[in-house]
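Just so it is clear, A, B, C and D label the chains in written order, and each chain counts residues from 1 on its own.
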Amino acid sequence: MPIRKPNFTPPFNIVRASHIEFDVRDIAKSRAFYVDCLGYLVTDEDKDSLYLRAVEERNHHSIVLRKANDASIPALGFKVASEEDLDRAAFWFAHKGFPTSFPDVPHQGRTLRTCDMFGMPLDFYFRMEQPECMLRKYAEYKGARIQRIDHINCFTPDVQASYDFYTDLGFRLTEYTETDGENGQLWAVWMHRKGNVHDLAFTNGRGPRLHHIGVWTASSLDILHICDVMASSGFLDNMERGPGRHGISNAFFLYIRDPDGHRVELFTSDYLTVDPDHEPLRWSLQDPQRQTLWGHPAPKSWFEEGSVFTGVPVREPVLEAQPIVAR
Amino acid sequence: MPIRKPNFTPPFNIVRASHIEFDVRDIAKSRAFYVDCLGYLVTDEDKDSLYLRAVEERNHHSIVLRKANDASIPALGFKVASEEDLDRAAFWFAHKGFPTSFPDVPHQGRTLRTCDMFGMPLDFYFRMEQPECMLRKYAEYKGARIQRIDHINCFTPDVQASYDFYTDLGFRLTEYTETDGENGQLWAVWMHRKGNVHDLAFTNGRGPRLHHIGVWTASSLDILHICDVMASSGFLDNMERGPGRHGISNAFFLYIRDPDGHRVELFTSDYLTVDPDHEPLRWSLQDPQRQTLWGHPAPKSWFEEGSVFTGVPVREPVLEAQPIVAR
Amino acid sequence: MPIRKPNFTPPFNIVRASHIEFDVRDIAKSRAFYVDCLGYLVTDEDKDSLYLRAVEERNHHSIVLRKANDASIPALGFKVASEEDLDRAAFWFAHKGFPTSFPDVPHQGRTLRTCDMFGMPLDFYFRMEQPECMLRKYAEYKGARIQRIDHINCFTPDVQASYDFYTDLGFRLTEYTETDGENGQLWAVWMHRKGNVHDLAFTNGRGPRLHHIGVWTASSLDILHICDVMASSGFLDNMERGPGRHGISNAFFLYIRDPDGHRVELFTSDYLTVDPDHEPLRWSLQDPQRQTLWGHPAPKSWFEEGSVFTGVPVREPVLEAQPIVAR
Amino acid sequence: MPIRKPNFTPPFNIVRASHIEFDVRDIAKSRAFYVDCLGYLVTDEDKDSLYLRAVEERNHHSIVLRKANDASIPALGFKVASEEDLDRAAFWFAHKGFPTSFPDVPHQGRTLRTCDMFGMPLDFYFRMEQPECMLRKYAEYKGARIQRIDHINCFTPDVQASYDFYTDLGFRLTEYTETDGENGQLWAVWMHRKGNVHDLAFTNGRGPRLHHIGVWTASSLDILHICDVMASSGFLDNMERGPGRHGISNAFFLYIRDPDGHRVELFTSDYLTVDPDHEPLRWSLQDPQRQTLWGHPAPKSWFEEGSVFTGVPVREPVLEAQPIVAR
């Protein structure tokens, strides 16, 4: 039976998905995309890195861009609840045989660097610098008026294995896609820590790779406006899918690609999942409305392309490639 | 040279596109679509007809549904500025050799019934019954909260001929699509009387046929909501294209098909065109953003399908079938 | 009987309210307000003047700011339909004994400068320079994303007299406020040329003075956003009334004051009035919902303050000062 | 020092504010308000009670209306994380000397009924019936399209005492108002369990009394629309304050009163507070923007009126009555 009970007493307390590091080939191009077009706020920058946050975020950064030769992803950041949780996490990962280290990470406190069984990089930290909050400085709201990072969505070669691993760490399932038939198999899972639909999601595919990060806006009109802006200011080719409504998660979405192909989902309007008896919602892999309530086909690239993690080999998925369900 | 100066002294004064009659095969099904789903207000009904208006409209109806064996369109309604304009119109059409009559039309005053040179039916009238205005009765706003009819869009076998004809009648060009090259030919035209982008538009294609009527909502969120409603209450297959942004006319749009296949465009946010020196905007037929600013392909049905006018033969177009420009 | 039939054959053809000149005491402060905060586009500027337009406008300017010692208003601009209409207008005003001149006005063609019987300044013109249209350059949409000028609203010492004068010029009544009782008297009138609720409105009060210019946004969310921006970036005291919904005109509104006290209404969502038999809507002066559907009181300043026209004496009104109807 | 550290190891685990019972004098009138006007979904009803939920809620009810002679409030409902938490809660309250009982409550599992030191009623439960979820049945979204209950806001005679009590129970402070001066005293506190600005808030005043329940909508346009609906369908007098923007909590709000005077806040757009090191935001009692960013005065009723809890005596507040800060 693939669906398990939530683990309400995990070995350490993860609070939420917090930030990501993108290796990019041209910081100036990335700046034009994230800052000038999307409206991200710059907290810090030098010639090789750019620290960005959204208007609600108290943390120093939710996106870090670093100049590199290859557009891969060195780190996914998760906040834990205390310094003690960091020690418990370090113990747990070391005990399970995963590599652990505490590298110096600028603008953050102690940071545990480790990975999961497929090599997906995981950074855990408790403290980060907190510059002045911009939430009430409305004149600084630009572009898509993005408020905060919401989640991280990855390809995994084995959804059941990833689901089991992160369930042990306390992530709770909210929605899932299953193949039909007697021995239905998990195709995709949406899991949360912070109380909405997800902090972390996995889809069957060549992995581990990042599918996208999801960032939240207060209104769907913010998403329609950034469509207009992108389409009329040289970013048309960066618009990959949407705007539209997912069946899964209820989200109104737009998927865009940054200049290095890293994918960002702008979305709004999911729902509250804090109740411990919140029942996960099952979707059949055959139901096209799970992906797009309004019946729009998604492009092939959306199903297949993703960002590799720096230095992490990619494996073939356990289940056969997903049938692309067009309307 | 295909583009002409506006005619500011037309033979009679057309005010605006006003209403349409749809022959439908099942009034109950049409009622479920227009009233229960879209939120149209019922002004009058009997077993074989249904009179509908939108929340802002003072007129008795902007859509009339009539039970019939075939789903064709018997009448397109235009309001003229006075009873005298009606007489001038009757004289002008008769003088040009078009059939004219003054049939009794329920809920309207004197109505001139005639047609253009391709047989496209034209009803002109000045007076219509005006029931109580619902604009300020916000509790009656349902579904898509449609405010008013805006325009009528048709296939014509000869865009240049239709453009010339309606220019003579005082319609003014706001935007147009032209084939490229030295002898560019008109592919599509948007023409108005009331001061926004259009009351009447023509596209090259098998015609005359109705492509769609356009109806106006106050907010793009009304259009996103009706997408959710349609997709989750049995009308998914009636959603044909969108939501999206046209380059042409600047409109945020959704195209839907009623149970008989008649097409309705929900749209919002075009612009003011009352200035007599308002320059028409040219689009190249090769520019994919004219149709969809955000790069979405449109389905084949949208390019090819339309509603025939009752008893009017359809001709092949002068120009070759439109290349479907997908992204 | 105070309400008259529309004049469909006016002595010359006014197209719409087009622009305004504001004399201001500090161009830099005005620039911070109109450009940095509201998002107006700068078409031209020198040390003593600033030419502004909104995102949809093809005209060179809809607001002109000029450095002056006093914050008065030298000109209200109306577009006419042709150069011939300008000559007809000049003849009509001269014939009625009004002063007429054709001063050189930068960026405009021939401009007739005259006034009405209370001295309210009137500039008529047909041609204005047309820089590149910005409607589809969405990345330039800033602040309140104002699309276009919509109307001019003035205090007059005699509403009936102003109503009669502008009715003769072809303005058509859409809504009006009347005192109750057997001999109801006009208190306020909304009149249009372009086909929506108004181009020009008059309210009883010390006049002639400008009450406000009205500028149109596509969404009420644009108005909510500019409230947030103004309140958090030093412009709180410039917010005078709203946001709210008028009963009259159905508009969602916000009234703001520029650094010199000139009043601007941001508004959206009125309705179409092109039908020649469009019946004006009467409001009783005792009905508080005409001013604010939601029951909010308006501040005393809104009822009493306005901008004087340069060099034009202000008279006491014919009717007693308006009772301020609070909820 | 009035501000304390959060208690991350409370005696039992409260998940969130969950529901409220309103005693009302006329169920039919309440039904017209909550169901016909606001759009609440009816889960169950008989002649003396009505069970309501919002479109996202999986619980059987978030509002219960009961026929009674007096319009008081018998119960405030909070969800705990498990049946064991219920036992821990019963032990804790009994041990502290509070009355505890486990009455039969329809549609809920075991329910602990107790109160705080001012007699404010508290119902704790873990299980509630879960009818079919309506989140994706968009055709059922009516009126204000309310998605879920968010918080409960009460007057307390002693804010510091209430703050201390609920801090012990694990509620975490997000924002607070303090009197100025050397010995600043807590005037109002906003506290959460579920990870946004609040589940429970207290303001200094005659208490304990309910100030309002807060319910969440996805868009500020839903709130503008319900203003129009209420104002034009007989509920104008039920609109007490707003719409507007709070400084505190960042919420776009509307306060309305039900037919018995119970207050409901419709609101949207607060922010995420799950980080354990999320710093509470201090507001001076002298800062008028804490209450209304845009500078609108609030009516006296909003500062003074509230609903009593059934059978619970009301005490005078420790601090003097709040100065009403008008602009």
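The rule we apply is simple: contacts are C-beta pairs under 8 Å (C-beta built on N, C-alpha and C of every residue); 3 or more make two chains touch, one makes a residue touch a chain.
None of these values were measured; they are calculated from a predicted model.
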Intersection of contact partners for chain B and chain D: A, C
Chain of greatest Cα-centre distance to chain B: D
Distance between chain centroids, defined by C-alpha means - chain A, chain B (Å): 44
Mean-CA-position distance for chain C and chain A (Å): 49
Cα-centroid distance, chain A relative to chain D, in whole angstrom: 33
Sequence positions of chain D contacting 2 or more other chains: 136, 219-221, 228, 231-232, 293
Chain D-touching residues of chain A, taken from the complex the two chains share: 8, 15-16, 56, 58, 79, 81-82, 126-127, 130, 135-136, 147-148, 194-195, 218-220, 247, 250, 268-269, 271-272, 274-279, 293
Chain D residues touching chain B - in the complex, by the definition given at the top: 37, 136-139, 141, 219, 221, 225, 228-229, 231-233
Residue ranges of chain D touching chain C (in the complex, touch as defined): 220-221, 224, 227-228, 231-232, 236, 239, 243, 245, 252, 289, 293-296
